[in-house]
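Two complexes are shown next, each including chain A; its partner changes from chain B in the first to chain C in the second.
So, the complex of A and B:
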């Protein structure tokens, strides 16, 4: 296995090297870096041109320039990185760190969301093949990957951001909004859950009533402007999540796993109480990361302690429950800060930038600020990837559901959950991992455009400005970050592949 | 159930397949799972079967019609080059504005800020975008098929080299390398742009074709051809590639839809089509600031891109179902 990984890394490094050479040569030949100076009327034109030629080493041969760049990059392994300077003499390393932070935040979030949502939709549409739900999702998927991203982004800015900002100033649902939203949820839910006409009617009716009541209560509490969630909310929702995860992974009959999940929930809430003063008074990213790792360890421990004969499944369930609980805890704190955040920023979603410049707020309000800014670009990127993932998952699931071993599993009396989760889905996952890795590169391309439309100072801007000025250093920095990310993503996919398919473990 | 199964071709599955085992149209049809409809005695050739399945795909046929109308209107309305079209207005002239330039019967797509007829501008952009998309589709299909077939057929060091080259192109974000090349080709007009875009978008097809050829070259009919002394080139063109035609056609169709999105994105970023040429992407980037005041300037080009890409995707899906009908069976 180790040999397999090492060989993959070696090949990837060579490919990366070849690609960087190609990219470098293309960029330095893509135009004339002195163009703007040639056309200028400045007195010291000749001097400026000579200066820039000196800075970019235009008189050296392309190979020498490439080697110079490469040795700077290779310095990263020994601790002194040098990614060169831009055409204006700024160190690219500093620019890249800033840009990569905001871009990778966007891309990672979009990838994770797209995998979860896309795979879930793919499974549901495969199980309900040829239903109205299936056709709707199929058509939407086609629509989303035929969508020009830059065009959709402008629409989203107008209809999601600006309209939401107008609405949140009041924060109340109109009566007809409640009726329509509840009707839509009821309709979708009955289509997904399916069953006899009677069962569908009951599903739709109860969903309608539930949504309508919830929205009415939100109105009454003025929830969207002064939201609260509270300890009880965390406990109830994370408990429900634990039960759901258990039901999916092992079925509720496995009491040990169920109790493990519920223990995780309770421990999580108790820990929230214990750490609340720390989280409110001295929050930092380091603290959050530390607590997250602690959560993982404790959850795994609970799973291992309860697990018994189904230890692996119990650990999986408690880990997922633990992650969900910790997300809920962070969500609760953020929700508690929303009212004061609205006081600082009355129009929460601005359409430009990855964070509000000169924003004065405490840690949690700054997190909220970044959060509201990242929503729209993420939604956009996610939509396109969800379309691809759901189609692949659907066809992959259909392929496995047609296999003989699935028929065998059914005929020996396994429950539908076991057939789908254990026998079909696991095997369907194998081709999906490959697609996810491939799609990552496409997402980076989408991110360049999205960042441009939403005015983020990210990798996209670095690339675009660099290319416009025929300035190789920032363009190559873009390539380096995205290329390494793509290689890593492929490696993760390979590992997942090996974990899922024992045949390729060598 | 079985008749419903076979006569319902609407279980569209968009799935550019990966790997050797996925699509094998000929083998399957011969194996009988693509048999003609039950109750009919007439036998059909492979091509007829594919055509029948395709024409039963409602989404694909609707898309064919819509796309056909768009193509015909885009090229006949304002004419191509020296040939005049039937639309009375010219995209270069500024007309008197009616009101604020909102769409009217006189100007169905409205007028831009200077009073130009927006219908003819959009049609001109559509022409350019379509030409580029189809040219890119053809070029990338030819290159991808060639590289994939050579790598899959010869194996050994040829395969190693060709596939590493493919990896190099896959690892560079497509938009990045396309932007760099598009900028270089900017001065040579849309044909230059189409050429360079075609030269960077062939990678996925090359992988698909290679996988297909890898499995086909082990077949008996290839062995038979080799036994009677057929040359390698003739085996590839006459025996192997015709068997892989399903994968190639489907992938070619889908590459057209991704080409139109790639080209418009590049033009939007300013690295694609350069003035005085225009495309749907440049129209959007030019007029997006007018979105709040003159929304029609923004809506029409976007809807055109969306419609064309959607139609091409549906056609590709219909073709895929027609060539590889395995997934249309309900699970049982």
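So, the complex of A and C:
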């Protein structure tokens, strides 16, 4: 295995080297770096052009320039990285770190969401093939996939930012909004759950009633401006999540695992009570990270203790439940801070930027600020990726569902859950892994437009500004990051194959 | 210049104020807003900054768009010199003058005064305000200006420049021009003198804009390891040991890594705004804070934030309150329409800018080189009015065809005086008959190919060429759109075009046109040569007398029209918009952009 990894890395390094040479040559020949000066009417234009030519070393041979760049990059292995300076005299290394940090923040969340939502939708549509739900998702997937990003961004900004901000100033649903929203939820739910006409009607009717009542209660409580969730909310929702995860992984008949999940939930809520003063009074990222690790350890412990013969599954379930519970705890604190956040920032969703300039809130309010700023670009990136993920998952899932061994599994009397989760889904995951890994690498490069329209200076801006100025240093830095990301993600995909498919491990 | 919604808003505000002061309004619960800045909004009068009376800095933040990242305190190096960087740094420095909205040179008397004590030989005396001081308390003095001169005069070899062509020691955007004109440098009694004189070796017609704000000599001296007095002596004696260290710091010491606010000890300011500690988030924004050490009229609002936003995203950000003032680069019809849809929440101002579009003939080769009639035939068929009506008026309804090169239509008095003398309006309307006549007189054949070259991609210029083609093909020309990405690199210097279509950015200098129209000018791409024009430029640039400038300008313009150097088309339109809760935002044609009077902006809460 190690030999395989090393060989892969070696080959990738060679590919990167060749590609970097090609890229460098393409960039320096992509235009005229003196263009703006040629159009200038400054008196000392010639001098300025000579100065620029010296800065960019236009008179040296391309090979020399490439070698210089390469030796700067190779310096990274010996601790003195030099990625060069931009046409504006700024160190590219620092610039790249900032850009990569901001891009990764944007992309990580979008990718995770896209994987979860996309794969889930793919499975559901595969199971309900040719149903109304399937057609709706297929239609939306193609719609979102073909959306011009800048246009979708404009719409998002108009409705999810400007109109939402206008609305949140009051925070009350109009009666017709309640009716329409409830009707839509009812319709979608009956389409997803399916069944006989009668069952569909019951589903739709009860969903309609439930949503309408909830929205009415929200109105009455002025929930959108002063929301609360509370300990009870955390307990109920994480408990439900625990039951759901158990149902998916082992089935509810495995009581040990179910109890393990529920124990995790209870322990999580108790821990929330215990740590609440700390979380409210001295919050920090370090504390959150520490508590998260603690959560993982405790959850795994609970799973192992309850697990018995199904220890592995129990640990998996408690880990997932633990993570969900901790997210809910953070969510609860954020919700509790929403009212004071609205006091600081009356229009919570901005159309640009990754944070409000000079925002002066406490820790949780700052988290909310960054959270509200990241929503729109994340939604946009997610929509596009969800479309691809769901389509690939659907076809891959359909293919496995039609395999002989799935029919065998069904005919030997396994429950539908076991057939789908254990036998079909796991095998369907193999091709999806490749897509997801590639997608992550591609997203870094593909977020160029999203970053631009939402005013994030990330890798996209680095690439674009560099290329516009025919300035190789930042473009090559972009290439380094995306190239290395692509190589790494491919490696991860290979390793994931091995984990998913025992045949590959040999 | 069109001030559309603004005037309406001012009128409404004014009538509202009347009602309130009369106290007879039946709507008595209309209380005046609390915490309003004391900066009154004054109607703009003249091209310079309006007098807004006594100002106390009000708390609050005004956010303005800036399309690129801040680079550093020193905007005068070629690496950092950009509209977006100076948008920030111009707030940090005050100087002897600034550009008014129509390109007028406006003096800033709070900073100092200057006058030409002798016209020929030109001698200019500058006197700093006694209170003028850096934010660290050091007064602004002669030493700062001597360093400013040294940065534009000393060559790499440790000499004062001879003809501005040597390699300079300092990496200054303006090269060695100042040293070329003033080889002796500014003269004063002592390093800390508040008054000093520049003796020009030969007259520079643009003397008014040559000296403005300096960098702090005391900081440079400290970084070079000497005292300010020693630095002054070193410059006077051209002591290269010290100067090299000083230049090294001047060139690189003020560059910033994005996000790291310059150290206040290294970057003191003289303007109404100063850096704010921790006020810079890389790629996101930079916030300036009112400079409480400023001696004159202070900034009206405490914080000014420049957010890095592309032109596409600015309008929605304005609508959402993420920005208070925007200045989208390259506004289109869409820009204006979207802004208008925002209704009363924003004030929109459209107008012309100091960049102007023109068609230039190739005198080096091709059919237009030697034939005035051919050029006239072309000029008669170019639909200038149609181009302006179709492409520019939707953005700026007041746009007009431009009939001069050295003055802009919005510089009303000068423009009318010049155009009325220099141009009789013969090419105002398309005259196909006259064009055909000239076409025949020139002996041109039907289907003569005319390549109109410009830098692609540029949709507006493509549309212009299309309009010209529709009209001029009827005369017998065969107009070809020969746009190329490397037009300025290849086709233009090689002369592979008949007509070049591009824009000059007006620099505000009186003499910058000499480079374009005189026979030996560097920017005379078309190899135009005319004795009358050369002579007139010589006369113009060798005097400081404004009457002579105006007179020679007419001579030049007339000759350029008569010999048809080229055809001016229009001044590029500009759009600014601001939230209606912010007052005193005012458009300018000059390059400074909307932030040019940012210290006067105030918010009515």
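We take it that the second predicted complex is superposed on the first by the 499 of 506 C-alpha atoms of A that agree within 3 Å, B and C clash if a C-alpha of one lies under 4 Å from a C-alpha of the other, contacts with A are read in each partner's own complex, and residues count from 1 in each chain.
As a convention for this text, a residue touches a chain if its C-beta (ideal position, glycine included) is under 8 Å from a C-beta of that chain, and two chains touch if they have at least 3 such contacts.
In this text, all values refer to a predicted model and were calculated from it rather than measured experimentally.
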Room on chain A for both chain B and chain C (clash or fit): clash
Partner chain(s) touched by A:43 [first = chain B, second = chain C, both, neither]: second
First, second, both or neither for A:394, with chain B first and chain C second: first
First, second, both or neither for A:147, with chain B first and chain C second: first
Partner chain(s) touched by A:158 [first = chain B, second = chain C, both, neither]: both
Contacts of A:95 with chain B and chain C, given as first, second, both or neither: second
Touched partner set for A:298, first chain B, second chain C, both or neither: neither
Chain B versus chain C as contact partner of A:31, first or second or both or neither: both
Contacts of A:486 with chain B and chain C, given as first, second, both or neither: first
First, second, both or neither for A:454, with chain B first and chain C second: second
Contact residues common to both interfaces of chain A (with chain B and with chain C): 31, 150, 154, 158, 452
Chain B - residues contacting chain A, complex: 8, 10-15, 18-19, 164, 167-177, 179-181, 183-184, 257, 261, 264-265, 268-271, 281, 284-285, 288, 291-292, 298, 301-302, 305-306, 309-310, 313-314, 317, 326-327, 329-332
Parts of chain C lying in touch with chain A, wherever the complex brings them together: 61, 63, 68-69, 71-72, 77-80, 82, 164-165, 168, 171, 173-177, 252, 255-259, 276, 279, 281-285, 287, 303, 305, 307-310, 312-313, 316-317, 319-323, 455, 485-486, 488-489, 492, 502, 504-505, 507, 512, 515-516, 522-523
Parts of chain A lying in touch with chain B, wherever the complex brings them together: 11-12, 14-16, 18-19, 22-23, 26-27, 29-31, 129-130, 135, 138, 141-143, 145-151, 154-155, 158, 391-392, 394-395, 398-399, 401-402, 407, 431, 434-435, 438, 441-442, 444-446, 448-449, 452, 463-464, 467-468, 475, 478-479, 482-483, 486-487
Residue ranges of chain A touching chain C (in the complex, touch as defined): 31-32, 34-35, 38-48, 51-52, 55, 87-91, 94-95, 98-99, 102, 150, 154, 157-158, 161-162, 165, 347, 349-355, 357-358, 452-458, 461, 465
